[in-house]
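These are the structures, in structure tokens.
Across the two complexes that follow, chain A remains constant while its partner is chain B and subsequently chain C.
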Partner chain A sequence: MIGFRTGRSPLHAAHPYTPLAIATALLCLVFAAQTPAAIGIFVLAGIVLAIAGSSLGYVAKPALMLAIPTLVLLFILHGLLGPEPRHALGPLHVSDSGLTEAIVLGGRITAILFAFLTVLATVSPDRLVEAMTERRVSFGATYLLVSTLTLVPRMRRRAAQILEAQQCRGLRLGGSPLARIMALGPLVLPLVLGALAEVDEQVLALDTRGVTSGRVRTAMDPPPDSAAQWAIRWICVCLVVGAWAERVRPLLMLIHPHLYVACR
Partner chain B sequence: MYLGLVSLRDLVLVRLGVAINLVLGQVVAALLLPVYLDSLGTILVAALVGPRAAIAAGLTSQVLAAVLSGNFSWLPFGIVQVVIAVYAAGAARVGVFKRLRTALPAGLLLGLLAGGTAAPIAYFMFGGATAGGVTAVTTALRAIGTPLPVAVAIASMGTDLLDKTIAFGLVCLILRNVPSHLAARFPVLAR
Partner chain C sequence: MPVSALVGMEALSFRYAGSTTYALSDVTLSVERGEVVLVAGRPGSGTSTLLLVAGAYAPRLVGGAIEGGLSISASRPSIVFATPWTQLTGLCRTVFAEVAFGPASHALPRERIRALVGLQLERLGVAHLSTRDPATLSGGELQRVIVAAALALEPDLLLLDDPAAELDPAAADALYGLLKETAAEGVGVLVATPDVERGARVASRAIVLEAGRVIHDGEPAGALA
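And then the complex of A and B:
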């Protein structure tokens, strides 16, 4: 839906872990926030992040395309079908608490979308792999995340070919639900069995590239990092810990009142 | 060791499982079926390799599905993939996938478990508004007066019952149709 776009913004130049840390922190913070005002601040933070990555125009459309249907559903589920008391909003009677709930939930999703779509738009996959290799992230993790993305389009093409081939042989895609379920076999089996047959070939290819040697791989062009970025990432961690400590503090009252007093 | 998996073959199988999870939606869409089959790869890896590899496949699928669709708010549903991986590995261990008549009821039970795991996430984190089809059912149930938590649970389980039953049935068929020269390479199938 959205991919990396070259640019000269601070986020493009940053170490790949920095935008990722900011977006992940935002994800954790929005779930700790409970009021529409706090959620509004985080939505704003997501938009500011997109502006910092010079990607607001690129990110806003997919973010809103994903967020608006959810916001509408939340408005129906909580605002229109929510509990009493209600107030008139034009021709509609909207639940007070339900509307607040819908704003909080919808705001969370919107903030997450802006933050992570900005990461997708500004973090180059190649630089991320280099950063992961430099930080000695296991080959397995890097391989799974990056290599699978190259396999998916290939398998999609194969699925489309199988679909056409089976239709040529007389497979009907319509009909009753049971007939459609029965049609899954001729479509899924060739796709999966064909892919299973290639496993040995791929194992051999990886083995030839020396990934079983157990040696540490060298990053050819590791992205530069700085003390300031290191500090930003740790500030993100502290913010998340602080926000969640504040969120769970009332729960301590239920577990142990003395513990709650000690925390205060 | 790669991600705690025992061999390079396991790693390649995990990658294949992830790709299957991500691609099958296209096939399902062509048949206009109200299912996702986004955990078939996880179940297959659980049956062929074991729970650790299946958990890796499930969690990676969830992350990559978010990357490909842009909808990162679905990441918390990764917990459901862990439940599916552990259950499917246990089911494979007791030989559920040998016959369709055992695979289908086991899939139905997984549907209950997966739906039961997804419903609290959908309710508490997203207020019941998740995937379009499921939310449409939730809204319809809510409109006829069903309490929201119950509506979310019914909608989640309804979709998952059919989805996981079909997925278990398909994995059973796949395992029974693996050519003998390939089956010999998987200890589970060679048994």
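And then the complex of A and C:
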């Protein structure tokens, strides 16, 4: 799993809100899209985003490691066990609508993975904190977002430390699949308990640094923003609103028929 | 207890949540501006708990219950734990940002924060580390950074739990000298340490705890016995 890597790509240099806005827009748009062709465009957009962040090689491996098993599972569930009519695909009889469903769902997951893993790789947590502090976002919300973005690398680091410690005490990681599964026991419990203890420590650490002072924090080094980046973020918002407007309209009719007529 | 005391405890007892035994029992003491008070005692005697209570971190953050009198007039207490790696915010990629985090939380102006951070990093001898990632520092470097972060908050009460645990003898001497300087600026300093000899050299008073009870409150030499 991945975390932030320093770099000189446009996404690294951008205001942290910009890659976040693009990835969030991609998430919303890919769920508004219904056809495999449209989904394919968004998968491509996710890959382009990773290229823009000079992170394709870094992001592709974990993205595909998560996406491929999901796609296989979706193919079995929807493609092979889906409804009639079916057509022959080699020795398999594949459901037409089920295959489409599998491609749509799998494509959505793939596009989201590429987009958000690129965000993890290119958005520096400390720059994000500064950006949110400058915009006067509450520290609680800032901490929640940033700690979520850094959760995986932190857990991975802790897991590596625990494994090293357990190996020093004689834990063997190799061998049969069963032996490997058994080796998870000495890892998982200390990992979970350690994570819980870390929360307590973090509460104390942050409290001693005055985050509960109730004052609006000073942004020490806010990342530069630009009109072009504002425009990109607003385009993202407009695209999402535009894509979802058509799907929200029937709901609007149910809630407020007059407003629905006005919208038409 | 004196009216000018930053912290005053009057027959105070404290126990942690779920515990039937008291971590502190019948403790009466005060800490005033300008004094370095050494807190000594065996492991488990309640020295760390005493600091947490004095800074109002216990029971507010760690749970538990207080009985007896406690008055805290210190408006800006600051604490340094014995395990500096647990005191990192986890949100800063440079030592400078780590030390600036506290003053920024108190909404000080940017220029003032820069000056404060620069000053404290210099005083602790870690200015050359200002662009380093805190996660890559050695234990001793990190401990000095955390003390700098505590001082950058401009505390009126400084609480330190074994602040020289990770330091070599020369750095430990320098740190204790700095604590004396800090007290001379009008800060009340309460330092818990097993290194009683070094602590007694700079302390104006010593408190010795045994099983949560004060068995000595007076001359630092008394703690050496």
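By definition in this document, the second predicted complex is superposed on the first by the 180 of 264 C-alpha atoms of A that agree within 3 Å, B and C clash if a C-alpha of one lies under 4 Å from a C-alpha of the other, contacts with A are read in each partner's own complex, and residues count from 1 in each chain.
Criterion: a contact is a pair of C-beta atoms (placed from the backbone, for glycine too) under 8 Å apart; a residue touches a chain by one contact, two chains touch by 3 or more.
Only a predicted model underlies this, so the values are computations on that prediction, with no experimental measurement involved.
> Identify the partner contact of A:Leu193: answer first if only chain B is touched, second if only chain C is, both if each is, neither if none is.
The answer is first: A:Leu193 touches chain B but not chain C.
> Once the shared chain is lined up, is A:Val129 touching chain B (first), chain C (second), both, or neither of them?
So A:Val129 only meets chain C here.
> Quick check for you: in the superposed arrangement, does A:Ser97 touch first (chain B), second (chain C), both or neither?
neither
> Could you say whether A:Ser147 touches chain B, chain C, both of them, or neither, answering first, second, both or neither?
Both partners, chain B and chain C.
> In the overlay, answer first, second, both or neither for which of chain B and chain C A:Gln229 touches.
neither
> Just to be sure I read the superposition right, which of the two partners does A:Arg215 touch: chain B = first, chain C = second, or both, or neither?
second
> Please indicate which partner A:Gln202 is in contact with in the superposed arrangement: first for chain B, second for chain C, both, or neither.
Touch partners of A:Gln202: chain B and chain C.
> Could you figure out whether chain B or chain C reaches more residues of chain A?
B
> Would you tell me the residues on chain A in contact with chain B in one complex that are also in contact with chain C in the other?
139, 143, 147, 200, 202-203, 206-207, 211
> Going by the contact rule set out above, which residues of chain A touch chain C in the complex?
124-126, 129, 133, 139, 143, 146-147, 150, 154, 200-211, 213, 215-221
> Per the contact definition, I'd like the list of chain B residues that touch chain A in the complex.
Against chain A, chain B makes touches at 1-3, 5, 8-9, 11-16, 18-20, 22-24, 26-28, 30-33, 37, 40, 44, 56, 60, 63-64, 66-73, 75, 125-129, 132, 135, 138-139, 142-143, 148, 166, 170, 173-174, 177-179, 182, 185.
> What residues of chain C sit close enough to touch chain A in their complex?
57, 61-62, 78-79, 81, 86-94, 97, 100-110, 113-114, 149-150, 153
> If we count contacts the way the header does, which residues on chain A are in touch with chain B in the complex?
On the chain A side, the touching residues are 1-2, 27, 31, 62-63, 66, 69-70, 73-74, 76-78, 81, 101-102, 105, 108-109, 112-113, 115-117, 120, 138-141, 143-145, 147-149, 151-152, 155-156, 159-160, 163, 173-174, 177, 180-181, 183-185, 187-189, 191-193, 195-197, 199-200, 202-203, 206-207, 211-212.
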